[in-house]
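Contents: one structure, followed by commentary.
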Amino acid sequence: MKAIIQFLIMIALWLLLTWSLQPADVIAGIVISILTVALMGNIFLDKAARLFNPIRLFWGILYIPYLLWYILIANFDVAYRVLNPAMPIRPGIVKIKTCLETEMGKTFLANSITLTPGTLTVDIIGQDLYIHWINVKYDNDIEAQSYEIAGKFERILRRIFE
Amino acid sequence: MSTIMLVFIWALLISAFLCLYRIAMGPTPPDRTVGIDILGTIVVGFCAFMSLYTGKDYYMNIGISWALLSFIGTVALAKFLERRSFDE
Amino acid sequence: MDLKELSRDESRGMTLIVKTISRLIMSFVILFGCFIIIYGHITPGGGFAGGIILTIAYVLLLLAFGGKVAMAKLSNFWASMWDNIGALSFVVIGFLGMTGGYFFLNFLDHGSPGHLVSAGMIPLCNIFIALKVGAALYAIFIGLSVYGRIVTEEEK
Amino acid sequence: MSETIGYIMITVGVLFDVLGCVGLVRLPDVYNRLQAATKCVTLGTCLILFGVAVMGFGSGQNAMAVKSLICAAFVLITSPTGAHALARGSHKAGVPLWQGSVIDQYQEYEETKS
């Protein structure tokens, strides 16, 4: 099952890369996809098949514009801090807790945190994430920090990956 | 077409030179590494401009390869900064 | 130990984020290297560049998961073996041209220009050059990083 | 029409690229620089690639457009991962935070562990 899913993803990527439907191209794509599955099959993600559930797919497609909107806000935030002559920054490394369990969920949460306003993931140990925050608002309040930084993504990522 | 393209390319060149300033002047080794990482992403933008200007699609192959090599280089340098050997 | 259990080991390699992203993009890297090799005669690239990209996938494996996983995937013996197979096959293709007249004669069908089947045996040469270059670079990398490192005082 | 949208996206992307590099020069320590530069340059390069994709679809060069979309997805996935690896490496290499920083809970964790 996992091998079939990987094969389908690879052949779709090959057809997008070559952008032609001539017989020679398609046959080369099939051969190379089988070679790829044989070489890297046991390194590929374990639970890739569940991502093709229609409900998860719907939330996954909805997540892309949501993330892009927050990245745009993050860029205007950085522009304000960089161009201001006084440089209003108050940096520090804080610790937050996440409720996501799977490795894909934790990875995408960490990458989303890196791309959104004022935060950068430094390390991940179990359920704890250590975040470099450019404008620390609370003093050592883990609950409030977790809600402020990760809450807005966990709502959707829990529906996609858990 | 060509005037606005020239403005874009000069703007990207200015940002590349700002990265080069950080690589040359960075007080610690991680600063220089950050400059190298950012420079690798900017070059992908240059490849997109070349593809748009000439109308050939194979410049994007170079862009994808460059993004790949930049990622591997960043991971290798980060592992080196952690003072660990490559094989553990 | 099994390769799947080895790659789950927390104490070895980089963090969870780098490991998961490596799992995600590793297959795409192999696919893209093969794309560069196969279309080497009608777009820029070819055997050398494609072989480097194929090697990059295994080097990413070594960096993200540690040396044991990479060595279980492709050991130093098989790396040097693929190196030799690539070089020998390239020379054999050269000698096959002798059947038609001279060394490196392009004896296969030429096809129509601009398509995949359009250059006779040039794609075959590209594939063997990629094997040669990729395997040799991988062998050099593990020779320098796994076998060739300086043993520190604590490890003694 | 598609050409106008493409040029607007490319202009915004180039502006963000320059802003990110100004942040790389101006901000005080390596973590702040990494933050500003990674966010701005990732979005800037992705907007350039999206603009090229829009103009490619508009003028009929579909192969170029699809390849630039693949490249944008690739940059969007790998760039934050590289930033995370670099931040962790800098902290392990012993680079201190800027002297105006207020809190460092990762340092406390490292001290309790050892």
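Which chain is which? They are A, B, C and D, in the order written, and residues in each are numbered from 1.
To be clear about the criterion, a contact is a pair of C-beta atoms (placed from the backbone, for glycine too) under 8 Å apart; a residue touches a chain by one contact, two chains touch by 3 or more.
Just so it is clear, the model here is predicted, and its values are computed rather than measured.
Each of B-D and A-C has its own count of C-beta contacts, and the greater count is at B-D.
Each chain gets a centre from the mean of its Cα atoms; for chain B and chain D, those two points are 11 Å apart.
For the pair chain A and chain C, the distance between C-alpha centroids works out to 29 Å. Between chain B and chain C the centroid-to-centroid distance comes to 24 Å (mean Cα coordinates, whole Å).
Chain centres here are Cα averages; for chain A and chain B they lie 22 Å apart. Among the residues of chain B, those in touch with two or more other chains are 61, 64, 68, 75, 78-79. For chain D, the set of residues that touch two or more other chains comprises 20, 22, 34, 38, 42, 63, 67, 70, 74, 77-78, 81, 83-85, 88. Multi-chain contact residues, meaning those touching two or more other chains, occur in chain C at positions 14-15, 17-18, 21, 24, 28, 32. Taken chain by chain, the contacts fit none of the simple shapes, being neither an open path, a ring, a star, nor a full set of pairwise contacts. You'll find the chains touch as A-C, A-D, B-C, B-D, C-D. Interface of chain D with chain A (complex): residues 16, 19-20, 22-23, 26-29, 31-32, 34-36, 38-40, 42-43, 62-63, 66-67, 70, 77, 80-81, 83-84, 87-88, 91, 97-98, 100-107, 109. Across the complex, chain A meets chain C through its residues 6, 9-10, 13-14, 17-18, 22, 24-25, 28, 32-33, 35-37, 39-40, 42-45, 103-104, 106-107, 110-111, 121, 123-124. Within the complex, the chain C residues that touch chain A are 3-4, 7, 15-17, 19-24, 26-28, 30-32, 34-35, 38-39, 57, 61, 73, 115-117. Listed in rising order, the residues of chain D touching chain C in the complex are 74, 77-78, 81, 84-85, 88.
On chain B, the positions that touch chain D within their shared complex are 4, 8, 11-12, 14-16, 18-19, 21-22, 28-31, 33-35, 37-38, 41-42, 44-45, 48-49, 51-52, 55-57, 60-61, 63-64, 67-68, 70-71, 74-75, 77-83.
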